[in-house]
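Same chain, two partners: chain A is paired with chain B first, then with chain C.
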Partner chain A sequence: MQVGNISKWSEKNLKYLLIVPTVFLLVALTIYPLIYAVIASLHVINIRTGENVFVGFQNFIEIFKDQYFWNAFKNTIVFTGVGVTIEFTLGLILALFLSSKIVGRNIFRSLLLSPMMLPPIVVAIIFKIIYIPEFGVINWFLGLFGIRGILWEASVHTALPSLILVDIWEWTPFMFLILLAGLQSLPLDPYEAAVVDGASGFQIFRYITFPLLKPVIVIALLLRIMDTLRIFDQIFIMTGGGPANATETLSLYIYRHGFRFYNIGYATAMSFLLLIFTVIISNFFIRFLKTEKVFE
Partner chain B sequence: MKRYLLSTMILVVILSMFLSASVLASNGPLVLATNNAPEGKSMAKALEEFGKLKNIEVEVVEAPYANLFEKELLDLSKGTGLYDIILLDDPWFTQFAENDWLTELTTYFLEKKEAGLSADFIDKSQAICRYPYAKGLLYAVPAVGNAQMFFYRKDLFEKYNMFAAPATWEEAYEVMLKIKENEDGVFGYVLRGQQGNPVVAQFMPIFWSFNAKMFNEDKTEVWIDTPEALNALNFFIELKEISPPGAESFNAQQLATYMLQGKAATTINWPAFVPTFEDPKQSKIVGKIAYAPIPSAVAVGASEIGHWLAAIPAGSKNKDMAFEFIHWATSAEKQKELALKWGNPPTRKSVFQDPELLAMSEFRHYPVLLQAISNSKPRPRISNWNEVENTFGIHLSKAVAGQVSPKEALVAAQKEVEKLMEKAGYIK
Partner chain C sequence: MIKKIFKYTFIISFTLITILPILWLISTSFKNPVDIFAIPPIFVPLKPYLTFDHYSTLFGEMGFMKYIINSIIISTSTTFVSLIIGTLAAYSLARFKLPHNLNEHLSFWVLSTRMFPPIVTIIPLFAMMQFFHLVNTKVSLVIAYTAFNLPFVVWMMRGFFIEIPKELEEAAMVDGSTRMVALWKIILPIAKSGIIATAIFTLIMSWNEFLFALILTQTRASATLPIGVASRVTQYEILWGQMSAAGVITITPVLIFAFLVQKYLVRGMSFGAVKG
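Up next is the complex of A and B:
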């Protein structure tokens, strides 16, 4: 009697029991922090002073008046926009190039992936040395062509582009990898048909490769954009947000408030805005992915 | 059956909670939180030795500089008592002490029949262990001594007829300018201009030697936008002019690189770099470099003090043993040993003047360092220093980058720091 009950009970409920660990982890590590973040963003919380007061939307109002926040926001947008666009273009060109049968493409492929394998901190430290105006290797090389005195990350005007360049160097391979995988999974039939119909190389790319590759492109862009919006390591090491705040990004600014000044409420509110912004952009891409039909 | 299962599970959960709570409640090992740089690691080694000596269990928590601050602040603010001994950088001291997060130490000294910190500790080193500064109660013991020094190329200075260490900025600058103009590929100075803590740490000694102060005595007025500060910032920009291009983003490491390569004649930096400068494998300037206190301008040159202090969190459950360790590790014999083994700068006058150490070339800067510490000034003792430093750093960086004039930078910094001081309750 009892044994029968157990097996019946477990048959009915085992599935719930089995997902308990996962649900627990999800609740503890994702859902609880999210709810806490919403609550914290409506408070002024400072661990140093022990202050914890409900202030409604005061944090958000202050953020909108905060010139440093807007400066960081602008830098983040420029960094993401310029960086991801160039990474995508270069990655696509490389992928197209290396998916055709050229000599030594396996070696090129492996070499191209190496920047991505390095930890961002290492990349930042290496580039900081490469960029030293006086005896860095880039300026030495440019000097051979008569170009002198570029200050790279030390000048207000070139600091952000210099950091974007580091990001491009490190993450173009990622774009390349995903796009290459996409290219290689494309069906061959449309290409054969196009060749029979006498389509030019550009036409093949424009009307066959590009539409077929669109889902992969969207995923690649989405991943890179979400990642770049929270860029931190390289900037923290290379410029600390300077000179004159020219390279301060949102993550850096949030870190400062959260972990240096202990304005937890304010930092959480900013993180929340960054999250909302990221969600909006992602949704835009995901919708694009859903509505676009691959085959007409 | 379902009921049994459920109640068993609940029982297990409750039991495990009790178990973990009882584990937390026992005194456990003696735990030290320290930074994972040489000076921190040497304390970790000392603790291990102490553990063997006393036959007790010890544990070391090492973290990088910024991380260590976060760990300590979380532990102290919540009173978890995770650490029994913490090593802290002196600018953190005010915020820790004013919230009663540290253990007052005089009673422990009295138990040992000592009145307090030994007079052997340098006065300035003692002062930063008290809250309020110099006059208040004792909450820490100075463990590792540090203060900025003026590093200069003795050979080049002698070439331009200066045979003693420059006493004033005026005479130093004259030689630095000559070196920049006449020596091929050697810059007069190398400036640490990276935004944030680096540029502020570099500016403070110059700020002070021009007799500028950030605040009045009781911190109710901000004195950043003053004629003295403007003179200091103008001179700072002049130093930048004779520094290598790109100084706007230099940190301490780039300063060392320029000096090691013989590409800069002078700089202000921390003594931690002395062993590197004296190492023939890395340095092109062995025997050519000399150390001096910060030159004076209208006021006596003062370097920024940067000590590591040892303290006991208020929540510690091993206070007696923790004090025993701190007392032992900061004794004269131990400090000498740590200096010999790890190059840790001491905080006791007797160790600075130890004949055995002074006879060795790697300690030849000790008389200068002792003088530098004795003339040093602490960063303003305010609890929101991180925020003030960050804001001041932004405007200094703007001035150094030529984005705004020195006057504009000071006016803007004055306004924003006033706001921060109001928020923190200093200005009512």
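Up next is the complex of A and C:
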């Protein structure tokens, strides 16, 4: 009788029982860290010295006065802004070209997609090998055209652009993939009508493709921006944030405080700011997406 | 005509830029140290330049084998656990009507966890693992990766389940089987290809992950391949050949698996936001 009751109860509440493990783990992954971050950011915590003092908003005040924080913030913005813009432009061109009739389309598609599946760590070492100033293969190639002496990630001036280039190499395929899928799911009728009306290729793109593709574009940008704001692996391996902090992004600066200096309070306060920043930007895009949907 | 030439030139040069760096890594891994930075570069290391030393050194090293084994154990366990937990939740979210529109809220919440930058999660997670004495264990990474992959699994599987008509398991339930049996015997076999695709993505994501591994493992007992590769960079002297070989070993399974799930790539990469 007892067993029957339990199984009846679980059958009735099955819908909740099935979700419980996921909710539990995600609470542990998101809600708990959030609460922890809010509390820890109001303390000075050093796990090495065992220090743990409540300081109110002092961490945040110090962060706003911290020139390295602003440097990391600037680098993150530049990295995201420049990187994602170029990735989007190249990805869109590729997607437009490859959605038309092209010989060997499938082969091109498969080859173009490989970089984004690779571990970022391996991408970093690939470019470390290629970028070596004296003996690297890129400088050899550029030397054939008389361009010499680029120091790539070793120089303060070229380090950040060099790393953005790596990101573009790795993630343009992602833009391309999503935009191509978007293009292929567009309805055909508007195009037929436009061709009948004698619209030019650019007009078709401007007035039909672009508006129809907008929701997909927004999603592609949103996903890339969220991921670029948190960039860590490649920079960690290639430059560690150097030279002279020229490539230090927020994730790296937070890592430095958290796991090099063991300033947990300060690091969590910064990570809290990064989260808020990410949420604000994402919400901007999500709202855009929702209004788009209304008009459809 | 000019337009066509431009189009092909663009595509072909972009494809070359995409694959040449990967081929260069492979080529470097088969060269003797002295030839790696030869000028002019040796593109295809044939007979006098060809060597398998880097690979035999790596595979002869206890440490490196340990990284490989750890990576295999951690990514397969993660895949297994997150697929079971995530599939069940996805099924519930796809099939049942929860009160207060909870379905939608939960689904959106699950998706929104993707907004969390790992660096935000890692410090609290590290504190938690330390509290449970789990730092430097494989378990800590499996837990972290499972939590990390769950939103993805739930979202993917939810999409697959929604596409399967409700009537199928309802028919089975009329015939007297319980819902779980119907799920197991009827729905899961239909969703098989989707499950496999999701599993492969989870496998790749856990295999590639670096930040969590960097922070939660400081010893060889639980360090994964990306850590093994990275450790060859941060030493005083970079062993270029070995590093490349380690890189090639790391990417081989990824490229094979990626090829297998090509069909699902869009859905996987965009979290199901764009139907591919």
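The criterion applied here is as follows: the second predicted complex is superposed on the first by the 274 of 296 C-alpha atoms of A that agree within 3 Å, B and C clash if a C-alpha of one lies under 4 Å from a C-alpha of the other, contacts with A are read in each partner's own complex, and residues count from 1 in each chain.
In the analysis below, a contact is a pair of C-beta atoms (placed from the backbone, for glycine too) under 8 Å apart; a residue touches a chain by one contact, two chains touch by 3 or more.
Note that the structure is a prediction, hence the values are computed from the model and not measured.
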Q.
Under the superposition described at the top, does placing chain B and chain C together on chain A give a clash or a fit?
A. clash
Q: Using the superposition on chain A described above, determine whether A:38 touches chain B (first), chain C (second), both, or neither.
A: neither
Q.
A:147 in the overlay: touching chain B, chain C, both, or neither? Say first, second, both or neither.
A. neither
**Q.** Touched partner set for A:216, first chain B, second chain C, both or neither
**A.** second
(Q) Which partner chains sit in contact with A:259 here, chain B, chain C, both or neither? Use first/second/both/neither. (A) both
Q. Between chain B (first) and chain C (second), which, if any, makes contact with A:133: first, second, both or neither?
A. first
Q. Which chain, chain B or chain C, is in touch with more residues of chain A?
A. C
Q. Clash with chain C: which of chain B's stretches 7-15, 43-51, 61-69 or 367-375?
A. 61-69
Q. Which chain A residues contact chain B in one complex and chain C in the other?
A. 132, 134-135, 259
Q | Interface residues, chain A side, partner chain B - complex | A | 2, 5-6, 9, 47-50, 68, 131-135, 149, 151-156, 159, 238-246, 256, 259-262
Q.
Quick check on the complex: what are the chain A residues that touch chain C?
A. 11, 14-16, 18-19, 21-23, 25-26, 28-30, 32-33, 36-37, 40, 90, 93-94, 97-98, 100, 102, 108, 110-122, 124-130, 132, 134-137, 140, 169, 173-174, 177-178, 181-182, 185, 216, 219-220, 223, 226, 229-230, 232-233, 236-237, 250-251, 254-255, 258-259, 264, 267-268, 271-272, 274-275, 278-279, 282
Q.
Considering only the defined contacts, which chain C positions touch chain A in the complex?
A. 7-8, 10-11, 14-15, 17-19, 21-22, 24-25, 28, 36-41, 85-86, 88-89, 91-93, 95-96, 98, 106, 109-110, 113-125, 127-128, 143, 146-148, 150-151, 154, 178-180, 204, 207-208, 210-211, 214-215, 225-226, 229-230, 233, 238, 240, 243-244, 247, 250-251, 254-255, 257-259, 262, 265-266, 269-271, 273-276
Q. Where on chain B is chain A touching in the complex?
A. 1-2, 66, 70, 73-74, 77, 95, 99, 193-196, 198-199, 244-250, 254, 257-258, 261, 263, 383-384, 386-387, 390, 393-394, 397-398, 400-403
